[in-house]
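Pasting a structure below so you can have a look.
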Amino acid sequence: KTFKWGNAGDVSSMDPYARQETFLLTFTQNIYDPLVRRDKNLKLEPALAVKWGQVDKNTWFFDLRPGVKFSDGTPFTADDVVFSLNRANGPGSNMGSNFASVKEIRKVSDLRVEVITKYPDPLLADKWAALGMMSKAWAEKNNAVNSADMTKNEENYATRNAMGTGPFMLKERRAGERTVLVPNPGWWDKPTHNLTEVIFTPIPNAATRVAAIKAGDIDMMYEVPPADTETLKRDPNIAVLEGPETRIVYLGMDQERNELVESSVKGKNPFKDKRVREAIYRSIDVDAIKRTVMRGQSFPTALMVAPGINGYMKDLDKRPALLKPDEAKKLLADAGYPQGFEVGMDCPNDRYVNDEKICQAVVAMLARIGIKVNLLAQTRNLYFAKILRKGDGSPGTTSLYMLGWSPAQTYDVHNVFEALIQTPNAATKKGMFNAGGYSNPELDKLADAMEQETDKTKRDAMIAAATKLYVNDYAYIPLHQQAVVWAARKNISLVQPADNSFPLRFVTIK
Amino acid sequence: MLAFVLRRLAQSVAVLLTVGVVAFFMFRYVGDPINAMVGQDTSLQERDELRQKLGLNDPAPIQFLRFIGNAAQGKFGLSYRTSEPVGRMILERMPATLELSFCAAMFSLLVGVPMGVYTGLYPRHWSSKLLQAVSLIGVSLPTFLVGILLILVFAVFLRLLPSFGRGETVDIGWWSTNFLTTKGLLALIMPSITLGLFQLTLIMRLVRSEMLEVMRTDFIKFARARGLSNRAINFGHALKNTLVPVITIAGLQLGAIIAFAVVTETVFAWPGMGQLFIQSVQFADIPVMAAYLMLIAFLFVVINVIVDLLYFLVDPRLRSQGGAARVSGH
Amino acid sequence: MPDTGVAVTRPPASGGKPLVRLSALKRYFDVSPPWLARVLERKPRAVVQAVAGVDIEIKKGETFSLVGESGCGKSTVARLVVGLYPPTDGSIEFDGNDMAHKRGAAEMAAIRRRMQMIFQDPFASLNPRWRVFDIIAEPIRAFKLASSAQDVRKRVDDLLRQVKLTPADGSKYPHEFSGGQRQRISIARALASRPEFLVCDEPTSALDVSVQAQILNLMMELQREHGLTYLFISHNLAVVYHISTRVGVMYLGRLVEVADTDMLFKRPKHPYTRMLLDTIPDLDMTGRQRSPVAGEVPSPINPPSGCAFHPRCPFANERCKRERPASIAIEGGLVACHAIEEGRLKIEDRSYGVRA
Amino acid sequence: MDWYRRAIDSDIWWSFKSSTTTVVAASVTLFIFAMAFLAPILAPHTPFDPATLSLSDGLRPPVLFSPEGDWSFPLGTDDQGRDVLSAIMYGTRLSLEVGFAAVIAAMLIGITLGLISGYVGGAIDAVIMRVADVQLTFPAILVALLIDGMVRGIISVKRHDEIAIYVVVGAIGLSFWVQYARTVRSSVMVEKNKEYVQAARVIGLSPMLIMVRHVLPNVTGPVMVIATINLGLAIITEATLSFLGVGLPSTEPSLGTLIRLGNDMLQSGDWWVSLFPGVTLAVLVLAVNLLGDWLRDALNPKLR
Amino acid sequence: MTAGSNQTPLLEVRNLRVEFPTRRGTLVAVDDVSFSIAPGEVLGVVGESGAGKSLTGAAIIGLLEPPGRIAGGEVLLEGERIDNLPYERMRRIRGARIGAIFQDPLTSLNPLYSIGRQLVETIQTHLPLSAAEARKRAIDLLKEVGIPAAESRIDHYPHQFSGGMRQRVVIALALCANPRLIVADEPTTALDVSIQAQIIALLKRLCREHGTAVMLVTHDMGVIAETADRVAVMYAGRLAEIGPVRDVVKNASHPYTRGLMGSIPSLGVRSERLTQIDGAMPRLTAIPTGCAFNPRCPEAGQRCTVERPDLMPAGVTRAACWLYAPGGVGAALTREAANA
């Protein structure tokens, strides 16, 4: 049974380490099994490793599954694991950040690999759950020992070819056109799918994508535009699956500079005043955004992490009541801006679901409390280049911006604290994505402590304390979790994990 | 003749070099490719290292020389987005675009020329006026809207044609073609119409006005006075004399078609160069953009040379003059 | 035939000071293919010797006509004289001033003002978007010949009356006039700067005979009234016979014969002149078979060696092929012909002009 | 009243009057122009002022098509709560501004270069025409994509939205000038050999003056025809650029941007968001093109 | 001389009227023109620009450009009426029985085809000849019109010929099927003075040899004087005078013809002033009532401004002028005119 599906973009490479990007990782995992994989509920479960854990504080072990063969018939051994991990940490690979704590990887026996870390890293297995295992022999034979090196002008075999132990094998790869997979008959696991062929096609234009599934030209597609969700739901042949994604979309404000880069206010920074932040926060009606802009396809939140992430505090996830425009204006007046002010806002237009429209709605809401926002919505690479910090830790050029973040590698809240909320510091590499430069020393301390803390209750207490700090500071303005909306023909059954991954092994056709 | 070809060649090199310069200097500003190349967690240091390795921090002239040097050898490097060699990425997508453009051009010529001839021969007939007004729709609706409407009607409601993609293709060497399978041919219909509609209108109107003008020339009057049949006059004498400007415009339009394929390909998920280019712009994939532009310039030059050679075939006056004079188009 | 006029002989204009003097005037046009093509196809540069050395003196008050076949360089001479083309070589003197001489704009304008041109095509020589009034006023304004708007109007009205139009015509556009009327407007424009010298390049050849007569009459009238000097260009020998005092016959960029009108038509010397005269159809010759000139005009890019006329000349010999004839003065005119010089060809009364 | 009588009397007016299509096209064009330029007076809402938008008004259907409609939003609202009718009026105005500005920009560049090229000739002519060739290599869409990208890159610090309109105008203008340059050049080459130009030279007028006073007015005919047709094309191109994401900002949408924004909702049942702007665009461009068509034939004496 | 006045005429035009509907009403460009041409005869048609000469010719060969149309009268070729034939039948007559020559040889030939092709195409359209035979005939024709080295030049393109040569080719094309009548519309106007004579001589010789009749439209009186047997003078869409060439030229009856002849500069006599007819031919939209020439006529009487004269015998010629009415200009008006 052939399963045809599409989404907006193509898998950029067949090399599982080429990009640290959800789509590439989950797609290549259909071919390359990881040591440890996630189940339908994102819980870790054994894959190529049957057992794993920490021998001591700084040593991890992985016991490999015996009798696993690559799809070309060669056996899978510890050598392949060591090779793969080193390759993922090697030149050309984009996965290096998952190896920050790793000191050494060594083969203990054919079925056991140990990893020595520089410091205790309780999340190593989580980080590596997306890391597919490659064949050493295959890579060596095909001159693909390293991932493609951009500086050399030559192509890498692994970019267009793939061979792993996974549930599927790559049959045809036409970049930008289609990618065809067929089941791997020798897969170690018992297939839960009933597919004989999978054809993946990128369809960049959303309207075409919707038309294609309506016309039955494809069986499943994702990134359903929120606007079309309703019609697709009404189509008797199509089922729509929706669930919250772990990514939180939020607004950030520059609280670092003494004068905003793009504002009518000179000589001071209004965002440094908590009243201003509060006025803004409490003037944004996320429910209205949910209703019209997102057509119900969002889950408003007050926190920077989503349910399902380790460290999510359900009882803190309550947005304060909305302010009436006069109340907000009064707050602003108290802060010294009775006439409001003018500020620039940056927004991507091709990164998150309806990103530009959300920003537009925000502009309108802020306009009503006297803050005139000049919106600049642009394509993602220009946008990121503008707002993100530079390599030396200096801030990007933005005053008010929108970002989305998901601790997708670790599923732990610490990642969020470290990357987004801690004071930016080029030396320790903390807070490097804290584009607005929010800083609270107390919170910094808590975050540093929770990284090392292995006692769950203590750690949870730290997390709760830290969370309250940034919530009360109105450090960020969390908007919502965007929904993952998929559409499939009615005869397809599939599983939709919350991390926006799409494992083909759960697909069945009736 | 030889001189003519040489001059064209010199001009081509000039055009390509200019395009190279323009391309290069524009690309310096299309955004930071690094962000497209790495995931969200990649540390800022790693980003900087990558930038360094790619030579993006070098002074512009050095980057340019490197770019031209490599381009001259046909090396455009690896795509920042997919790490594949750019040359091959483009080559792979070229058949799709060229076949689509060819069909669109054929559609616009095969429909546009007869329509133009008809409206030119009977300018006062109501059906001509109708045709003319209807043809204007081709230039009154944005391409993307035409495409989507076609998809809605023919794929979603009538289920006659595939909604996207190339259907089935057959590989002949590295060239994958749509022409050998029914599905492939069906898949060509809507994109070709979408892409060719605009050109159809242009060509029809051009042929019409040329016909109107030619029909008033003395030699047509004289041909009538000689008692030649209408067929011989309309097609033998009149049509052939409209060919020179039509060839010019059709040639230029073929270039435009290839470039306009950007939009059509996006709408129909047609895996061609245009779609590649749009993605490259989004991702600041400089090597791909550069190669694409150079290729377009090259195709343009080739088309121009072919157009010029066609003039020689059509117009004996040029043959004897050595092609110095190029009949100017409109 | 209606015998309306009396035969008059125009006063021989000799004796007066030359108003215009062209000496060894040359104008070449480069019509070579582009450089690369020349190099590759080993083609030489191609140069049209449109005017290949012409000496003419035009005296005050006379009408000097240039005749010749199409492409012999008549218009080029006209344009050289009024400065539309710079000469390749040779000089043009106007009233003693060498035109090539550098001088200030005001001085230049003062000389320019004194010579104007009337063009052949009455349809192309008036800007279709301007009113007649503005067309005629343009030189007045350009040379600042009027002090006020009323003055301009007055002068334009005068000019319109002079060319037998009415001042009311000034507010019309050229397309509202017939060919003859347009040519009158052209003349009015030319007269607007009060010139002394008018270059007329085939001013009547686009007109009907009945209109042609009106224009020629007007021109002669104006000449009498204002003492104008004309350089008149035509290929119609009958017209030339009527209007000119002296005639120059051009062939391939050179003058082959210059003579007083009566002399030229009575005793043509150069074989080419005789041939041209032979081709004049005459109303009296109903049913007569003319003897057409044999052959066609050779290319001015590769003019024949020696005397350019030799391929068509029944009297040509070896010398004519080799050697270019110099102008010799004979019977008060100039002729460039070996046959005449050597006396091989007798000068006889051909009585074209006087058939009383 | 002189000009009035002359106008009524002229061939152009007559050919205009006798073509029903043209009269209809002109009326439609006039109507749309009036709607657009009087938008601040006529429009029920001010869609470009975010303060007046309310998400709670979002996605109202048009009154005539659904009982849920609201008479204050006769053509419904989009997902931002923007009144579609007002947005169309303002958007049309913007589109027309872009169209006119782009065409004028192209005309300025093209006519100047064409005049110089045609009148001066020689090497300058050759250079200008080669540049035109290269320009033709980059069709409008590519030029616009590149310029847009470039400008965004160069002035990323400034507010892009404010200059977006100039970018679009510049890009479209830059890709259109060749046509004018070529037309003007060939007209000039014909015109400059006409005897009336030579007559002006005999008078001793400067080439500049001759060019402006004599040559330029005589090339206006073909230029006007191209301009009319280009106006439609510019509006469409702007729409296409918006579709590709490099057009005008969505806070102040042009017709094209409106269509792009509504495009996603075409299949969702909220068809009015893109359909009404789409129809407006098509009708406007069609009418302008019909006018251009008529003008071309009316100004061409050979076809009369 | 009136050649063959007692035979059936080859061409007879009766009361021909050509109209152009315009927005300001109908414009009558040719009005009530009647004449005939005998086999082998050369009829010259002269008149000022816009007098309707070309339109008369075009009406005869059935090539009036719309919106122009024959609004009245008839055209008979060898007794057969041809002005109302369907397009296809008329097409077979054109080229086969009536040939045509136009003014500009430069534009009369299709620049994209060799002259041989154009000749062969014409020949094969009208004569049942094979390609080879047609080509042979084409070469013969070229030789006949005096193209040297016809065998090799037949494959040349029009631009490779000079103006005079091209006009010869055009004549050859008109002669392809040996037509009985040739309508030549200003065949020499675009040519050089010295070439004009050659072409006229050629045309005359060919017609004599083939027995072809010619309607020669021109405004060059010299050409007419030399070539034509009879002359028709047109003024403002009407025939002013028609008669044998010698009489029209020398002893014109119509005041217009007299003025026209007088304004031609001749080599014989030189005067301070040429005879001129003042004023200009009226526009077709503003033709005066009565005789169209009356505002310019030195001899106009009251009758001329009211009543239109028809052709009437005036000496040897026939002229449309009241001078030759039995009562002269001063005669009483006809009843209709008097009542008008």
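Every chain is named by a letter (A, B, C, D and E) in the order it is written, and numbering of its residues begins at 1.
Following the convention adopted for this analysis, a residue touches a chain if its C-beta (ideal position, glycine included) is under 8 Å from a C-beta of that chain, and two chains touch if they have at least 3 such contacts.
Model, not experiment: these values are computed from the prediction.
S.K.: Which neighbours do chain B and chain C have in common?
M.R.: Both-contact set = D, E.
S.K.: Does B-D or B-E have the larger number of C-beta pairs in contact?
M.R.: Counting C-beta pairs in contact, B-D comes out ahead.
S.K.: Farthest chain from chain C, comparing Cα centres?
M.R.: A
S.K.: If you average the CA atoms of chain A and of chain E, how many Å lie between those two points?
M.R.: From the centre of chain A to the centre of chain E is 91 Å.
S.K.: For chain A and chain B, what's the span in angstrom between their mean Cα positions?
M.R.: Once rounded, the distance between the two centres reads 39 Å.
S.K.: Averaged over CA atoms, how far is the centre of chain D from the centre of chain E? Could you give it in whole Å?
M.R.: That gives a centre separation of 52 Å.
S.K.: Please set out, as single numbers or ranges, the residues of chain C touching at least two other chains.
M.R.: Chain C, residues with two or more chain partners: not present.
S.K.: When you check chain A against every other chain, which residues touch at least two of them?
M.R.: 207, 211, 214, 350, 379, 382, 385
S.K.: For chain B, write out the residues touching at least two other chains, lowest number first.
M.R.: If we look for residues of chain B contacting two or more partner chains, we find 30-31, 148, 152, 156, 266, 278, 281-282.
S.K.: Flag every residue of chain C that touches chain D in the complex, lowest number first.
M.R.: Going by the criterion above, the answer is residues 79, 82-84, 108-109, 112, 115-117, 119-121, 124-129, 138-139, 142-143, 186, 189, 193.
S.K.: Flag every residue of chain C that touches chain E in the complex, lowest number first.
M.R.: Interface residues on the chain C side: 1-9, 69-70, 178-181, 208-214, 216-217, 220, 235-239, 241-242, 265, 275-276, 279-293, 296-297, 352-353, 355-356.
S.K.: What part of chain D is in contact with chain A in the complex they form?
M.R.: Interface residues on chain D, with respect to chain A: 49-51, 53-56, 58-59, 79-81, 152-153, 156-157, 159-162, 245, 249-251, 261, 263-270.
S.K.: List the residues on chain D that touch chain C in their complex, please.
M.R.: Within the complex, chain D touches chain C at residues 194-196, 198-205, 214, 217-218.
S.K.: List the residues on chain A that touch chain B in their complex, please.
M.R.: 6, 9, 12-13, 15, 18-21, 92, 94, 96-97, 147-148, 150-156, 159-160, 174-178, 201-205, 207-209, 211-212, 214-217, 350, 379-382, 384-385, 388-391, 393, 405, 409, 419, 429, 432-433
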